[in-house]
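Heads up, the next two complexes both have chain A, just with different partners, chain B and then chain C.
Moving on, here comes the complex of A and B:
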């Protein structure tokens, strides 16, 4: 299905034409404003990303009261750190433990917690992940390099337009003395989707 | 700061770009703006996008952002037609 050939001087593709046509129509009807469109793109291309979620996780790892608030009602807890907005209106934080591993999918489309993770990676939107995260989650996790003990229960959370999930990963051993800032630096996007775990940085 | 941390710089997007092409960014932004100006709710949006995806997946698979944002654009065309006709 994908076309990887790239012609620099080719005329606009059919999809480019369609997008342009719709944009002109919406501008004419004053339903969109070109400057706001640019601002939106800049926001999601450059400003909002998994750094936000990493700050939430690091705070939860270092502040037991915050962790409790986050697990009880994630939306206001995340808002405390200044992260709110589109697609973060109803957040749920699910906690990994030595017995339970959580992973997140959106089986129907691509619902994702934008304020804490930015826009989803390509694989999250792909048919294969969306189907297999439910049918064979352990296999999928293996492909991400995560082999779980058979004793560990895997819980798969299906995001919707109303509810978005954030995984609170296990804090890796050996990071007990890290500062909140140092911890935030090791938390990855994939760990907060729940397809990997956070690992301690290699000793220098 | 400990050398381990300066080496393991946190990449906000794990090195991946949100969009592969400008048209993907444009169709994304148009949907968000129309939702914000009240042309459709996000639930209506998710339903239309899901339905475009389900149709496509009867015979095909979404493999990349290009496939995905084409369906996004189709959903947007559909909703704009319904809501602004």
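Moving on, here comes the complex of A and C:
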């Protein structure tokens, strides 16, 4: 099935009105502090995001001891860089190698490691990815432009409990002399979900 | 529950819409996200109860609506169930009376985000399974919240790692009790799940609570399980 399916949903105006009503009701009843609302949205819109995960990956690529700690027990290793908290309480980091490619999904809802990647992109939460990632991962990866050699084992991590997964991508060839900061700049969110690989920047 | 949310392996959803790269596509989604989290911090329900509320959306509606509409449905349902708002108030968007519960302040929000809600608990019983052991997922179909997806019911896999004892999601959703159950990372070969339609050289790792699992011996003695 390769045709794009459009899912129909309520026209925005109707749902916008319903949400606005709920928001003013909850503020009016003093169940919600509007400042808390702003803080939450600002935190995940502007502060917490894949830059955090990229810093973890870049550190692992440049510091063999850190890489070892990260793969053995990711939660404290990630905490070393200051990233912790909600939806990252119990972290596991899975390592891509030339023989093994890892990708992460949550078939039941949208579990995702917030402290290192922020909130998930809409496609991660949508039916198509959740349905297909476990049954046809190679087809899914192809859609993201990644064709893996048949010899490479694909491991799909379905986040069904409270363990959250971060993929440690392969460091691209040609970046061996990069600094940690330069490496962090090339690590993408999608590579840390495991639907793409990290590529070296085009040679100038 | 065998709800519409249990999507693993289902067909017919088409290509992945990669244009949806953002977390929030509309402003109202930000509001639903913020309201859901702040209301969750009132302490009237837990994360598993919140998930169950979203899963209980009418299946046809679940599949035809977007992600944050599920959240909106779940939040409204929980607010009604806990008596924090009335149906009339929801309909009018006007408050009949102020709540006695204190709203989560920005300070409280910051603290909760920083600490999260760890689910690891002290172990009360020894672990039943060990790494490398073959296990079979019970063919149970509870109507309540569970974190064993349908696509691996009755399938055999291999334990690869013990995560320790964690809050058992099923009980947490049902009664709110934080009961420890051992949590295992179990590896399933694609061919064991999808048969001849499996892609070559792939597998799925799933985190499963001990009550979901049988040893190979138990399964052979009572294959119906």
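Here, the second predicted complex is superposed on the first by the 187 of 204 C-alpha atoms of A that agree within 3 Å, B and C clash if a C-alpha of one lies under 4 Å from a C-alpha of the other, contacts with A are read in each partner's own complex, and residues count from 1 in each chain.
As a working rule, a contact is a pair of C-beta atoms (placed from the backbone, for glycine too) under 8 Å apart; a residue touches a chain by one contact, two chains touch by 3 or more.
What you are looking at is a predicted structure, and each value in this text was computed from that prediction instead of being measured.
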item	value
Which superposed partner A:64 touches (first chain B, second chain C, both, neither)	neither
First (chain B), second (chain C), both or neither touched by A:173	neither
Chain B versus chain C as contact partner of A:84, first or second or both or neither	second
Touched partner set for A:201, first chain B, second chain C, both or neither	first
Which of chain B and chain C A:135 touches, first, second, both or neither	second
Partner chain(s) touched by A:121 [first = chain B, second = chain C, both, neither]	both
Between chain B and chain C, more extensive residue contact with chain A	C
Contacts of A:184 with chain B and chain C, given as first, second, both or neither	first
Touching partner for A:18 - first (chain B), second (chain C), both, neither	both
Partner chain in contact with A:50 - chain B first, chain C second, else both or neither	first
Doubly contacted chain A residues - partners chain C and chain B	1-3, 15-16, 18-20, 22-23, 25-26, 29, 31-33, 36-38, 40-41, 44-45, 86-87, 108-110, 118-119, 121-122, 125-128, 160-162
Chain B residues within the chain A interface of the complex	1-5, 7-10, 12-14, 16-19, 21, 23, 25-30, 32-34, 36-37, 39, 42-43, 45-47, 49-50, 53-54, 57, 60-70, 73, 76-77, 80, 84
Complex contact set, residues of chain A against chain C	1-5, 7-10, 12, 15-16, 18-26, 28-33, 35-41, 43-45, 84-90, 92, 107-110, 118-123, 125-132, 134-140, 143-144, 150-163
Complex contact set, residues of chain A against chain B	1-3, 15-16, 18-20, 22-23, 25-26, 29, 31-33, 36-38, 40-41, 44-45, 49-51, 54, 86-87, 108-111, 118-119, 121-122, 125-128, 160-162, 182, 184-190, 201-204
Residue ranges of chain C touching chain A (in the complex, touch as defined)	5-18, 20-28, 30-35, 37-39, 41-42, 51, 54, 63-67, 69, 72, 75-76, 79, 84-85, 89-90, 92-95, 97-99, 101, 103-106, 108-110, 112-120, 147-149, 151, 163, 166-167, 169, 183, 185, 190, 193-194, 197-209
